[in-house]
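What follows is a set of structures for review.
Across the two complexes that follow, chain A remains constant while its partner is chain B and subsequently chain C.
Coming up: the complex of A and B.
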């Protein structure tokens, strides 16, 4: 149980694309302004601002310095997390729960076209032992994980490609998505360029420029601001051991984070109780592993959910009707976008990809190689 | 609102080059010291917040591979990085972990290992920011104003020079007073076994003999680039009362951003803060933190202050902005010995950032040192009076980020 109810009362995201042809400042300004406008409040109503970006991805030291004006954080109580925006949302939530603040603006962004994010990822490995020969990056480690998962649970490349087919086709209806492929087939996915076996161009998330912002408010304020608040009913976050020291066959920290969030939200049977899920699957196989960590199915059975269409838009438990991270991945915004997409489903604003009768939704953000850190939000309507 | 207290502090010895440890070992040293001091085991810690200046030491997202060293696996870990204020921002995020009710015990860890990167991290940090801006202008057009503004920045020292000049101009402070501040801080540091630049009984004359680097800063005024880490354990009221007789309660806190700095403001649509010593964000942060803490007159109610002062002028500027002295009078108070360790308003009894600057950790060290004063555990540099309230300050960004934390010997009511 949280000691205060907190709701999402407004949000905005950019149209994610490879090269946005917009400065970071402009892009961040647009989503911050958009989120406030969506909530129907002004900058003066905001108590605190939490942003998410990393210096390596932004290519600048103290990258938020130049964005305080754009995001509207100047002369406000603010801070920055250096990871996915979903963690910024978690921090903003904590600030409101403490009672020190009532309304928070959360923003996350990355312009992946500026620096190759996969190259930058190699700096996040152990400098003494793992960076010397330059083999490890987020894609190569994901390939190791994917191969282990395939071997461990007898999962085929076709089954993993099924995730890409579902998500990229879903993305066709999402105006903000970058990679829209309404007629994609498993064969096309498997004939796309091979990066690190078995990771291919279409089983990895694209490099995107994009930003996302949302407004959180305490119960009293939320009721003043909107008739349609989306309540945060549960939250959980967890970090795994370093890639060398963990069981790559599962995403253990996601499981722990989800258990916490389920407990807080009073969910005992996620498969039956969740109406839609938005997962940050940076690689197609991660979505299958995600199903298992989120207790939608037993270990190793993720493939069945995709094969039988259970996680399709029309399925029993739709996952990533927006297209997920495979459709657009502006890294530090990706988890925040999942929260916004889940909230959109609850507010029935997902034109073209709306799931009928959504009362409870799950949003997931991750950071680090092989999804080392995870955060899970359970959202609910009135 | 839940009350939160600091129940344990840990730090490492600071030096130019800690070749005896690697970065993970150094950070673990501080984290375990803090947990030992707080009498908690890693299992009891519910969540961790960590941070350093990213890019310094040539590493990124260190918590991912360093997690095992500080007991992170299986726990929520939040990484915070806000420039010079990082340590203070990390401490405040750990406070919020507990204040939110999501954790009962949170560990905050911050560090810097400058010697791992080839650049002299401490002062080139801001130069990187300036260069970032410089390259930015290539994409969107280079005008003379941007070129001059970028060239004029000259890294942290460059910014501080303008700031010091502004302050000296309007307050009447002279370079001799900067010598006094630096001498006080270096001799205070000699009483702090963890400090970097220790100079027992340093006098203003000793500082005045050092080489002039850039008006008005002499070599003896400028902070070192240190290797070191600090860690603080935060706990809820029940646990704090169980674990220790005298915790340091967090009574108020805020972290405001200023409008953009003098070099950016004109070019990027700010309102043009020409006086870098104005520091509105510090006034706002202090006002908010004092209000939360129920402090009406900081000059009377604050007993000791830990100010982030890589340059001595900043001790004076921020002491005024924190409301500890009337406008333009901090240098006079320094002259009269009021800011000495046994003075009316001791500033930086630990020696402060002027004596020890492991950037990512520096702003947390201010919180840590203020906590030690409240808990009566500062040993040789403990101020010789009862400490009921202490204020800790951090400064960062391009002169535009501020963190202020007020600590006290009794919980907030």
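Coming up: the complex of A and C.
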């Protein structure tokens, strides 16, 4: 249980695209200003600011050096996390729960067009062994995991491609998505460029420029600010071992993060109780593995949920009606965007891809090779 | 790690076996990541160089270090290998096999360079076989 209720009271995101043609500072400024405007507050009302970016992805050390101004953080409590913005949201929540702050601004961004993020991922592996051998990056390790999952649970490439078909078609209705493919077919996914078998261009999330910002407030402030707060009812975070010493047949840290979040939110049957989920599937097979880790189905049965349309927009448990990470992946913003998309569903603002009657939603962020670290939020309306 | 690399000159692959929980790391570690027991020289254990292919991918591209994916004329196999007696998985090239013939669960063994010098490159690749 949380000792204080905390709500999402405002947010903004960019139109994610391959090349934004905008400086990083301007892109960040736009979403920070947009989120404050959405909340109906000024930067003087913000007590604490947390941003998310990485030095490697931004191509400079102390990557937030010129961003404090863009997020209105001068002379305020401010820090940066080198991971997904969904973790920044977790730390902002903790700051409010501490009682020392009432309003927090959270921002995450990446401009992946600046430098190939898959190359960047290769620098996150063990420098004395794996990097010397030089085979590992986020795509090659995902391929090894996908192959293991396919063999372990008799999952076909077609079933994995089904995730891309669902999400990229969903993205067609999301104005902020980058990869919109309303008429995409399984055949089209399976004939897209093969990178590391079985991973193909259309089963990898695209490289995107994008940013997202979120305003969190304590219960007292939230009620002053908005008539439509989205409450954080549960949260859980978990980190797993380095890839050499991890069971890749499941996403164990996501399972633990979800269990913590469900317990805090009082959820005993996620399949029945969640109205929509927004998850960070950096690769199509990760969504199937995610269903299992989130206890929507038993291990190895994720394929059935996609095949039977259960996670389609019209299904019993819609997953990624926004298109998910496969539709746009501005890396350090991606999980934060999932939180915003889940909140939009609760506030009935998802024009064109609104799921009817959303009271409870799940949002998920991840970081690291083969989803090493995961955070899960459970959101609820009034 | 230094000892591990030096021993490769003698065609020996060292792991470290945790005396408390039994987990065996390769390459060796100085502390067990599972139970936090300190691991030292006395916990080093020689591994056979043979193991199971637990998963793999056939690479059709590779990164050039400068942010470009280069298309490979000949696909390359990257294997996830559990060496006999080890709990860690290592990721190494698999050669001497048609990529289409690679199967999960295959037995593989290390192929050493002709002249081993005590560097990672002494382990050239793994090939099917062993046992």
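The criterion applied here is as follows: the second predicted complex is superposed on the first by the 382 of 382 C-alpha atoms of A that agree within 3 Å, B and C clash if a C-alpha of one lies under 4 Å from a C-alpha of the other, contacts with A are read in each partner's own complex, and residues count from 1 in each chain.
Assume contacts are C-beta pairs under 8 Å (C-beta built on N, C-alpha and C of every residue); 3 or more make two chains touch, one makes a residue touch a chain.
On a predicted model such as this, the values are computed, not experimentally measured, just so you know.
In the overlay built on the shared chain, the residue A:241 is in contact with chain B and with chain C. Contacts of A:43 after superposition on the shared chain: neither chain B nor chain C is touched. When chain A is checked against chain B and against chain C, the one touching more of its residues turns out to be B. With both structures placed on the common chain, the touch criterion links A:313 to neither chain B nor chain C. In the superposition on chain A, A:135 makes contact with chain C only, not with chain B.
Touch criterion not met for A:33: it reaches neither chain B nor chain C. In the superposed model, A:199 makes contact with chain C only, not with chain B. Under the contact criterion defined above, the residues of chain A that touch both chain B in one complex and chain C in the other are 128, 130, 241-243, 245.
Of all residues in chain C, those touching chain A in their complex are 1, 23, 25, 27, 33-34, 54-61, 63, 65-69, 75, 78, 80, 87-93, 104, 120. On chain A, the positions that touch chain C within their shared complex are 115-116, 118-119, 122, 128-130, 132-133, 135-137, 140-141, 143-148, 151, 194-199, 241-245, 248.
Here chain B touches chain A in the complex through residues 1-2, 22-23, 51, 53-55, 58-61, 63-65, 67-68, 72-83, 89, 92-93, 96-97, 99-102, 125-126, 128-129, 132-133, 136, 139-140, 253-261, 264, 268-270, 280-281, 284-285, 288, 292, 396-398, 400-401, going by the rule given at the top.
Interface of chain A with chain B (complex): residues 2-3, 23, 25, 54-56, 59-66, 68-69, 73-83, 87, 90-91, 93-95, 97-100, 120, 123-128, 130, 235-243, 245-246, 253, 256-257, 367-369, 372-373, 375.
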